[in-house]
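Once you scroll down, you'll see the structures, which are given as structure tokens.
In what follows, subunit A forms one complex with subunit B and a second complex with subunit C.
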Partner chain A sequence: MIWEIIVSALLVMAGVFGLVGSFGLIRLPTTMTRLHAPTKATTLGGGGVLVASMIYFAVFMDHYSFHELMITLFLFLTAPITANLIAKAYLHRTERPEDLPPTGTDRGWATYDASADPSRRTDG
Partner chain B sequence: MIEMALIFAFACFGLGLLMNLWRVTVAPGVPDRVLALDTMVINAIALLVLYGIWQGTAIYFEAALLFAMTGFISTVAYARYMLRGDIIE
Partner chain C sequence: MSLALIAALPFLGALLPGLMIRAGRTACAMATGSATALALIGLLLHAPAVLRGEVVQARFDWMPGLGLNANFFLDGLGLLFAGLILGIGLLIILYARFYLAKTDPMGQFYTYLMLFQGAMVGIVLSDNILLLLIFWELTSLSSFLLIGYWKHLPEGRQGARMALAVTGTGGLAMIAGMLILGGIVGSYDLSVILTQKEAIQASDWYLPALILILLGAFTKSAQFPFHFWLPHAMAAPTPVSAYLHSATMVKAGLFLMARMWPVLAGTDAWFYIVATTGLVTMVMAAKIALFKDDLKALLAFSTVSHLGLITMLLGFGTAEAAAVAVFHIINHATFKAALFMSAGIIDHEAHTRDIKRLGGLRTLMPITFTIVTLAALSMAGIPPLNGFLSKEMMLEEATHTVWAGIPWLFAVLATIGAMFSVAYSFRLIGHVFLGPVRDDYPHKPHDPGFGLWAAPAALAVLVVLIGVAPMTMVGDLVTVVAGAVTGGDVTIKISHWHGLVPALWMSVAAVGAGLILFGAHLRLDALWLAAPRPEAKAIFDALVDGIAALSHGVTARLHDGALSRYFVIFTLGVLGAGWLAWSEGGHVPGLRNVLPIPGVALAGWLLLAVCSVLVAVLHRERLLALVVIGVVGLIVSVGFIYLSAPDLALTQISVEVVTIVLMLLALNFLPKTTPRESSTARRLRDIAVAGAAGLSTAALALALMMRDFAFPTISDYHLANSYSGGGGTNVVNVILVDFRGYDTFGEIIVLGIAGLLIFALAEALLRGAANKRLLEWVPELPKSGDRHPLMMVVAGRVALPITLMVGVYIFLRGHNEPGGGFIAGLIVAIALVTQFMASGFAWTQARQRVDYHAFIGFGVVIAAATGLGSWLAARPFLTSNFGYFRIPPFDKFELATAALFDLGVFLTVIGAVMLTLASLSRIAIRAGETVNTTAMDNDPSQPAPAKGGH
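And now, the complex of A and B:
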């Protein structure tokens, strides 16, 4: 009974997070704010479904597997990387370095450095 | 009780998939479309795992794992293409 409640609560929570993430993708005003909703809320939703599935198969089907933890780990590792790459592509496509807010240090935004650009690197 | 929660989660992720499809078709720029495709992959993984619970089989985890890997690789390839106009230099 208690496991039923836990699995159901995880499934409902995951569904709400997934819906909020996808709704934020169409509701939020700019691309940089829209990056937040799917990369955080939807990833948590997917993770919730995977953990619920792991508990369900372990408790009700007597089938222990850690595939789900592997998928959860993979999703949690890759979500920040994709968000970083999309944000970088957006910055390079639409913003100029002069229009961005100051970094607070004597160096500029790292993504515009010549050393971060392989095509302009001279040391190979 | 688990059946009700499963149906609720199915409805949520299905609706989310429709919203992502709307964002893929109507978007102000290419990065938004790529972001919507990435979210579609995560929602599809969640739907696959939910279907696995519904059917009571563990077969769908392999499909979900493959989806996670190919989704990540394709998003990275799209981001490279947006940055450089080329994927492998």
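And now, the complex of A and C:
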């Protein structure tokens, strides 16, 4: 009985965060702020469903499965990369390098600086 | 010897010359001749039985569902023609050995000749009119090859094209006529058709069938107005002219008319069409022949005239006339082939065929002179040679025939035709051989070697023998053949003296008038050249050009290279066919009720519909359209999951990812937005057509879902036998690799070919005009500073072994749970693509050192080997086997050969996807991408580079 409550609570929480994430994706003003929304939906929403699934199959179906952990691992691995690439694209399309805050080192923002790749250096 | 073997021997003999020519020209000729001789001997072995009146048959089922059976039969008519074909063929092979120059490819010549011979024998021996049609077209084709033998001569090529066009058109008409005939009778076998005279002649379709079949016969036998191709076919080497265009191929039309005589002849339509055409051809061609200066042209028109004569006789419709026609076929073959071969000898020796440059050859070429005189006198109809006999009998028949109430028309015109033939025959003898010896021959003529004059001499001997003792030589043969043609018994009496009948006076008058014409030839020739004449080739060329222009116009309107136009035509066609089926079919609504629709499914469906429309609306913003396509693909996957199809969902998702990645790569070099290209009217038309098609398809799907299956479903069998027969519980995968393994084998081959094609296209792209554009390409969007960001490289590296493991897991579990080789291949391909995206193509490729062509090749080979392995167990290709094994301490597990097949699929899929990626990357490198030397930019473990760039 208690396990039913736990599974249901997890599913409801997952749904709430999914809704919050989708709502944020539509309503937040700029691209950079919008980047935060799907990550919430992915991690807390997807994670909630997966944990609920693990508990359900373990308790009610007597079947211990761990592939949900794999799914979580993949999600945590790829979501940041996606956000990074979207941010880079946004920076190139909308912002100018001068308007960005300083990096605190003697090199600028990496996405504007091609010097790290020797094959692209135009000087010697 | 079986009749099928007699017909097949020349085809088998066609394989020999190409090989034997290496042993020399004589060996080649002897090998070819041996095949013909063998067939001739086989034929002659049947001759006694046939001459007694029996009919030999050989029947083989070939395609009984179509009514096409390889049935052969041999009666008198077939015996005569097959004997002519094979006998004269043997002589021609001998003649050609010595006629062809050292530079002419003899192996090729004999190959075409034997092909023709086999096709001709097939025509005369076949018992099934569909089989006859096949051989008929084969004769047209081989004649084309033979006429155009000297490919370097334009008149050879043009003559060959003209012959093929005319005889091919006739053949097409004949196919229609034969099909109608078969439809009337209900069977395509000649032995059945030839007994159904009343049924055929009473049918409404008799006249159309008659006209179409006669079209085929007239084009083949060069009757007016289709006679013009024969003189232009004289561009062929003389052995070809002697064989095809005098003795055999042009007689195929006559053979057809004789073969169909029992069922088609006897009506007024037959008489008026056939006899009139024959008469007109006979007189007109004979007149033209008189004024031709080229030896072969004269003989060609003379052939046309004699073919007209035989046609006319067949057209009379009486048994006696048919008998005379048969007799004249024999006579004409003998003297005409001899004359053609002699013309070839003269050409060979004197290096000219122009009569105006010849004359006085009788002392220089006595043997040729003798042969030509005998044959030409026979052609003129001078006793005691065989030509006189048949010409006399022809005139006799002409006097008995009434044309539309005029009793003397045929007699008078036939006499005129005979007069012209006397004239040109004497011209042949007189202007070439008689008269003084000249001193300006292009080459000093002398008699040829035995090899060249042996064949025409043999025929000349036959001319004399048949003329002197007709009843002993050919009496039995003509009786039997005439009986076969007419379908009844005919008594033949051939003799020189019939009494003082009108035919005799007509012959005398013809000879006299002909001699006068010959004497006055010079003056008449001047008149002839001055008079305007229709030029057949010009008319033909104009006709062909006109039809070609019309076809070109129609094709250009329908087939202009615009894919959208093809789609519209295709869609409208399918819609039309569907509407037709629906309106004719009698629609009854289905019985099932519509189930309540869950909200989730409705939302998904709505999303799918809206996104599909959005793709069309947004297609000019290509990147956005690509995103929407991705959405559509994902919803389809969700749909599959909703309908309990996990394998399909997995496949759809992985294919979606690969497709989007590759399309993005390609889109990099294309404009990201396109301008509006079509007018509003065009778009409205397209919306209407697409909308109609979509709604019709939806209606069809609804109709199908609302009724039960029309046939028992095959999935019951698969579900029942998947575990017991295939060893797996995943029915979809077992179907793919086991039940329908052959289909999958074909599909991976196609996939491999597609990958290779993309590679080849990229190759071509990098060499053509696009290469220049690529070199000058300037990217539209700003370039990223760190194009191999640290996060992506590290995460991708870490994910690689995990993803590969997932791929292997899905591969191995595919037989019993959702998965399989295809999905696993796509997953592994995606893992590899991620590495390329992260670290760049060249860097990753240098470290992978795998040739993707080999992946494709190995994949297909492994799949094929798995299939072939079942041959070792004496089972059909791709029979799978499975068993359960136990390795302690593991549980019992299943091993199946289908897993090896799946491995082939796996490898091919990886190879195809990666090869596509490689091709696109090469284009990128040509467009200016640099090849990085490090795996990632801004590697914190490396020392920072000197500050540079912005």
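What we mean here is this: the second predicted complex is superposed on the first by the 114 of 124 C-alpha atoms of A that agree within 3 Å, B and C clash if a C-alpha of one lies under 4 Å from a C-alpha of the other, contacts with A are read in each partner's own complex, and residues count from 1 in each chain.
Simple rule for what comes next: a residue touches a chain if its C-beta (ideal position, glycine included) is under 8 Å from a C-beta of that chain, and two chains touch if they have at least 3 such contacts.
Since the model is a prediction, treat every value here as computed from it, not as a measurement.
In the superposition on chain A, A:L100 makes contact with neither subunit B nor subunit C. Contacts of A:H92 after superposition on the shared chain: both subunit B and subunit C are touched.
Applying the stated contact rule after C-alpha superposition, one finds that A:A110 touches subunit C and leaves subunit B untouched. Contacts of A:S22 after superposition: subunit B is touched, whereas subunit C is not reached. In the overlay built on the shared chain, the residue A:T78 is in contact with subunit B and with subunit C. In the superposed model, more residues of subunit A are touched by B than by the other of subunit B and subunit C.
In the superposition on chain A, contact of A:L69 is made with neither subunit B nor subunit C. Using the contact criterion defined above for the overlaid structures, shared-chain residue A:A14 touches subunit B, although it does not reach subunit C. The interface of subunit A with subunit B overlaps its interface with subunit C at residues 70, 74, 78, 81, 85, 88, 92-93, 118-119. Interface residues of subunit A, counted against subunit C in their complex, comprise 70, 73-74, 77-78, 80-81, 84-85, 88, 92-93, 97, 106-121, 123. Across the interface of their complex, subunit A is touched by residues 1-2, 4-6, 8-13, 15-17, 19-20, 22-23, 28-32, 34-36, 38-39, 42-43, 45-46, 49-50, 52-53, 56, 58, 61-62, 64-65, 68-69, 72, 75-76, 79-80, 82-84, 89 of subunit B. Residues 781-789, 791-792, 795, 798-799, 802, 806, 930-934, 937-939, 944-950 of subunit C touch subunit A in their complex. Residues 4-5, 7-9, 11-12, 14-16, 18-19, 21-23, 25-26, 31, 34-35, 38, 42-43, 45-46, 49-50, 52-53, 56-57, 61, 63, 65, 67-68, 70-71, 74-75, 78-79, 81-82, 85-86, 88-90, 92-94, 118-119 of subunit A are the ones that touch subunit B when the two sit in their complex.
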